[in-house]
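For clarity, chains are labelled A, B, C and D in written order, and residue numbers in each chain start from 1.
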Amino acid sequence: MENNIARLRITCPDQPGIVARVSNFIYQHGANITALDQHSSDPEGGQFFMRLEFQTPHLDVSRATLAETFAQQVAAPYQMDWHLNYAADVKKIAILVSQADHALLELLWRWNRGELEATITQVISNHETLRSAVENFGVPFHYVKIDAQDKGLTEKKILALLKDQTDCLVLARYMQILSEDFIAHYPNAVINIHHSFLPAFAGAQPYQQAYDKGVKLIGATAHYVTKELDMGPIIDQDIARVSHRDGVNHLQEKGRDVERNVLARAVKWHLEDRIIVDGHKTIVFV
Amino acid sequence: MENNIARLRITCPDQPGIVARVSNFIYQHGANITALDQHSSDPEGGQFFMRLEFQTPHLDVSRATLAETFAQQVAAPYQMDWHLNYAADVKKIAILVSQADHALLELLWRWNRGELEATITQVISNHETLRSAVENFGVPFHYVKIDAQDKGLTEKKILALLKDQTDCLVLARYMQILSEDFIAHYPNAVINIHHSFLPAFAGAQPYQQAYDKGVKLIGATAHYVTKELDMGPIIDQDIARVSHRDGVNHLQEKGRDVERNVLARAVKWHLEDRIIVDGHKTIVFV
Amino acid sequence: MENNIARLRITCPDQPGIVARVSNFIYQHGANITALDQHSSDPEGGQFFMRLEFQTPHLDVSRATLAETFAQQVAAPYQMDWHLNYAADVKKIAILVSQADHALLELLWRWNRGELEATITQVISNHETLRSAVENFGVPFHYVKIDAQDKGLTEKKILALLKDQTDCLVLARYMQILSEDFIAHYPNAVINIHHSFLPAFAGAQPYQQAYDKGVKLIGATAHYVTKELDMGPIIDQDIARVSHRDGVNHLQEKGRDVERNVLARAVKWHLEDRIIVDGHKTIVFV
Amino acid sequence: MENNIARLRITCPDQPGIVARVSNFIYQHGANITALDQHSSDPEGGQFFMRLEFQTPHLDVSRATLAETFAQQVAAPYQMDWHLNYAADVKKIAILVSQADHALLELLWRWNRGELEATITQVISNHETLRSAVENFGVPFHYVKIDAQDKGLTEKKILALLKDQTDCLVLARYMQILSEDFIAHYPNAVINIHHSFLPAFAGAQPYQQAYDKGVKLIGATAHYVTKELDMGPIIDQDIARVSHRDGVNHLQEKGRDVERNVLARAVKWHLEDRIIVDGHKTIVFV
């Protein structure tokens, strides 16, 4: 992990000169661009997206000044929606999970091995099942009982735990539906893993649905959570080959491997500021 | 290609002793089993499926006698649904196509190279576009105009061309919907390639649908055609990775490669008697 | 996991009637065949390989009698090399590891989740690094110091620990070369994961070699260990796509995911008696 | 295909300000950047690589002036090795082939369908086998007999045919070794498809080698040809899964699909100026 880099993500109407303007600004303030990706939905009248990584040691101004100057001199004239993140500001992740351990443990392992640029602040579950697995990693585990009569109360308890501890919330096979109000606290920052190749088999029991249909591939989809269930912007997907020999339990077993890899990639890309949400789709600069 | 082999496919209620009974029968008639695959949906009260390949040079009886004896001595007591095919009886394929050439040419090429155990008897199209491409392979090309007022008439013309020339009908991106009556002439023998990962994006313009949804993988599905559009038993599926950089035209370009490979595999498996249809699913012994 | 099944693996000279003879034998002793795979290197004068899974509850004789009778009545006349395993005899695995945790943890996790039909009896390492990770799973951890002056002594200590506790020994990134004498204790039962697509980049530092060569795919290979380093029968291989952006450290990171999946599959297949070693190659019935 | 774009590829010592300098230059001459990729082997003292696509309709100077000005004002001060290509200058491809048709036909098809930005000027072969297949596409076919006594003479004849007709030479399974002198005529412009996952199984009969070794994956490698046989910079690689069931002929059949796809991708990337050769490796901006 690199501590001396900053990442700038930009969305704006496309027009000539954006790259020149932005790269000049960065250069003039003493930073070296080490990665640059861009995408235009249409050079004539489309949207322009850019991600830029630069080294910060020789910046000639403070972060605050850099941001303010950029806002005035570059972002405003080009009508930019922009985000500037510093790798040194390690993101805080919280994980919501139910009873299945595979997606959770994949994240904890990779994090423990230094593959995820994050602090995992806590794991919250509606079951006690995974407490010791989590605590073995030195990560706090919180059990929050689902109050079936008052889901709002449950969500309030979770929000209280998340407060000031959460830049990104990962649903690592959390089998409860979160309310629109809840999600509004973390726009484009709640990542879910759905155990199907969306939009196929949205909703409950996707492996059973896949089995009943007789598909030859099963999939998993990592997406940002929005108010519409299983319909948020897709970050990544992958599949595994299956056959008539695979019962629902085998689909689940093969699916677990796909789920954990897809979720881990999506979280990694989010942490590295590689994703720009564009309406109900994503731009992923990898 | 091997000319001295026969392939037996069996479906029956599972019970102990089926493998022993069938393999004994084959052995006692002088044949050597060179491949055997089986599947049971459930050893207790499930369905049993088997595919067996054996060498025919030392058979001690005629084909007719073998079939008759098998029917009486083995198939009847075990309530078998069975098919016995000889590789020497090369299957006759006809291909229906519209204007896109990729799926068609993939089949013609592989066939020309000896990879498909078939005679391609003809290509029928509702456009003249691909005539010379087909005739270059020495395969007859028939143009059948779609009569929008009387689709039944169009189908009658096609059926007349197919008559006695067709064991398997391949829809290599044929952009017309065939009637239930038409399909009934070739049960479990009409293979279609759908340009999406079914059941996602069934119906028209799947690549546009995929683009609008922002998926990160596109797919193709080869399936037997049944009366319900895009819902027949799936034979094979595959996918390609796409990104925000891919417009609809790129999805189509990448999709073509997936489509032609998936269709070619499905046709190959059908020709080699590797598929058993089980309701609205398939067993594929590969 | 299924406790009521047995698996029979057979290698013998090919000739007609083997399937019939074996399946009859099984049937006559009251067992139901639930899986059967076979392979012949050449129907004329080749080797025949078969794997058969059958249910044991209605067997009419003891295990000892079954084995004895099979040996006399079937194996001897057909000159069979054969192995009969019962799923209820859960295999004992020991794992050798150095400092990298990924391959080890993948096995421990899958085992903990019930995906591996085994008892993991112990983990032995030449480092203390992974002790708590292992002990968290309730598995004994043994540190065995490498005596650089006397490698034979080190191996003796390891053999003493393994004794009576080991049907299969897994090298989950164990960075020491084992002697021919050592390996002779566990013929076709020591599984190694090599971090390259063998035979490319055998020997030390395969990721550095791959980086220097500029390959666009990296791989991993699980194989049985033989006296020739990195040359034993290959069980499984897989790859990941890389690019010019990937430094050696990225190759290692991407490689870890490939290594752990390939090793886990190979171990699973070994445990399920799916592998027959054929000289310096393997037959894997999956 | 887009006719109004130009592509600039740059290699130079890394230092701050390159992106700003280049993008300003492009902008000031009235062009809109539509794609930009860069890579640095090391921000401190490494090599910098960049590929830039820009739209040309509003360029304020002639091509010659643009190139001259760029050379003086940008390339010289930054010590750049650079290439500027215009999509409207469609590249001329010649193909060398022996008897196997699959790689050749894949290129001809894709080209015929408009997927390759090229003019295929001719196909040259040391066999007559593929004449009609080539001529059906309206492409000239030349037979050049191999003079075993005087390979130099053969190469002279080929060079005479290629003269002024060739920006890129594709070896689509051409089974003759070309001399160092010959290759020197087309530096970084001769693309070969090798039918193995290089560096494994370099040299003759790689599928036989792969079969003998018992690998579980076979591969293909597209690379630029250099004087060292099968050792030139790798452009792309891919693999297919194989098993003990696959004889050498099956490896060849499966391998053909891999070969043609890998070669087609490599040629496409070359034509789109996506590749920068960096010593014995490649940077591929896709």
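The definition used in the following text is that a residue touches a chain if its C-beta (ideal position, glycine included) is under 8 Å from a C-beta of that chain, and two chains touch if they have at least 3 such contacts.
Everything numeric in this text was worked out from a predicted model, so none of it was measured.
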- In contact with chain A as well as chain D, sorted by label, we have B, C
- Where the centre means the average of the CA atoms, what chain is farthest from chain B? A
- Item | Approximate Å spacing (C-alpha centroids) for the pair chain A, chain B | 41
- Centre distance in Å when chain B and chain C are each reduced to the mean of their C-alpha atoms: 37
- Task: Would you give the residues of chain A that are in contact with at least 2 other chains, written as numbers and ranges?
- Result: none
- Item | In the complex with chain A, residue positions of chain B that touch it | 39, 49, 197-201, 213-217, 219, 233-239, 243-245, 278, 280-284
- Note on the structure: In their shared complex, chain D is touched by residues of chain A numbered 15-17, 19-20, 23-24, 26-28, 30-38, 40, 43, 55, 58
- Note which residues of chain B are touching chain D in the complex, please. 101-102, 105, 109, 113, 115, 132, 136, 253, 257, 261
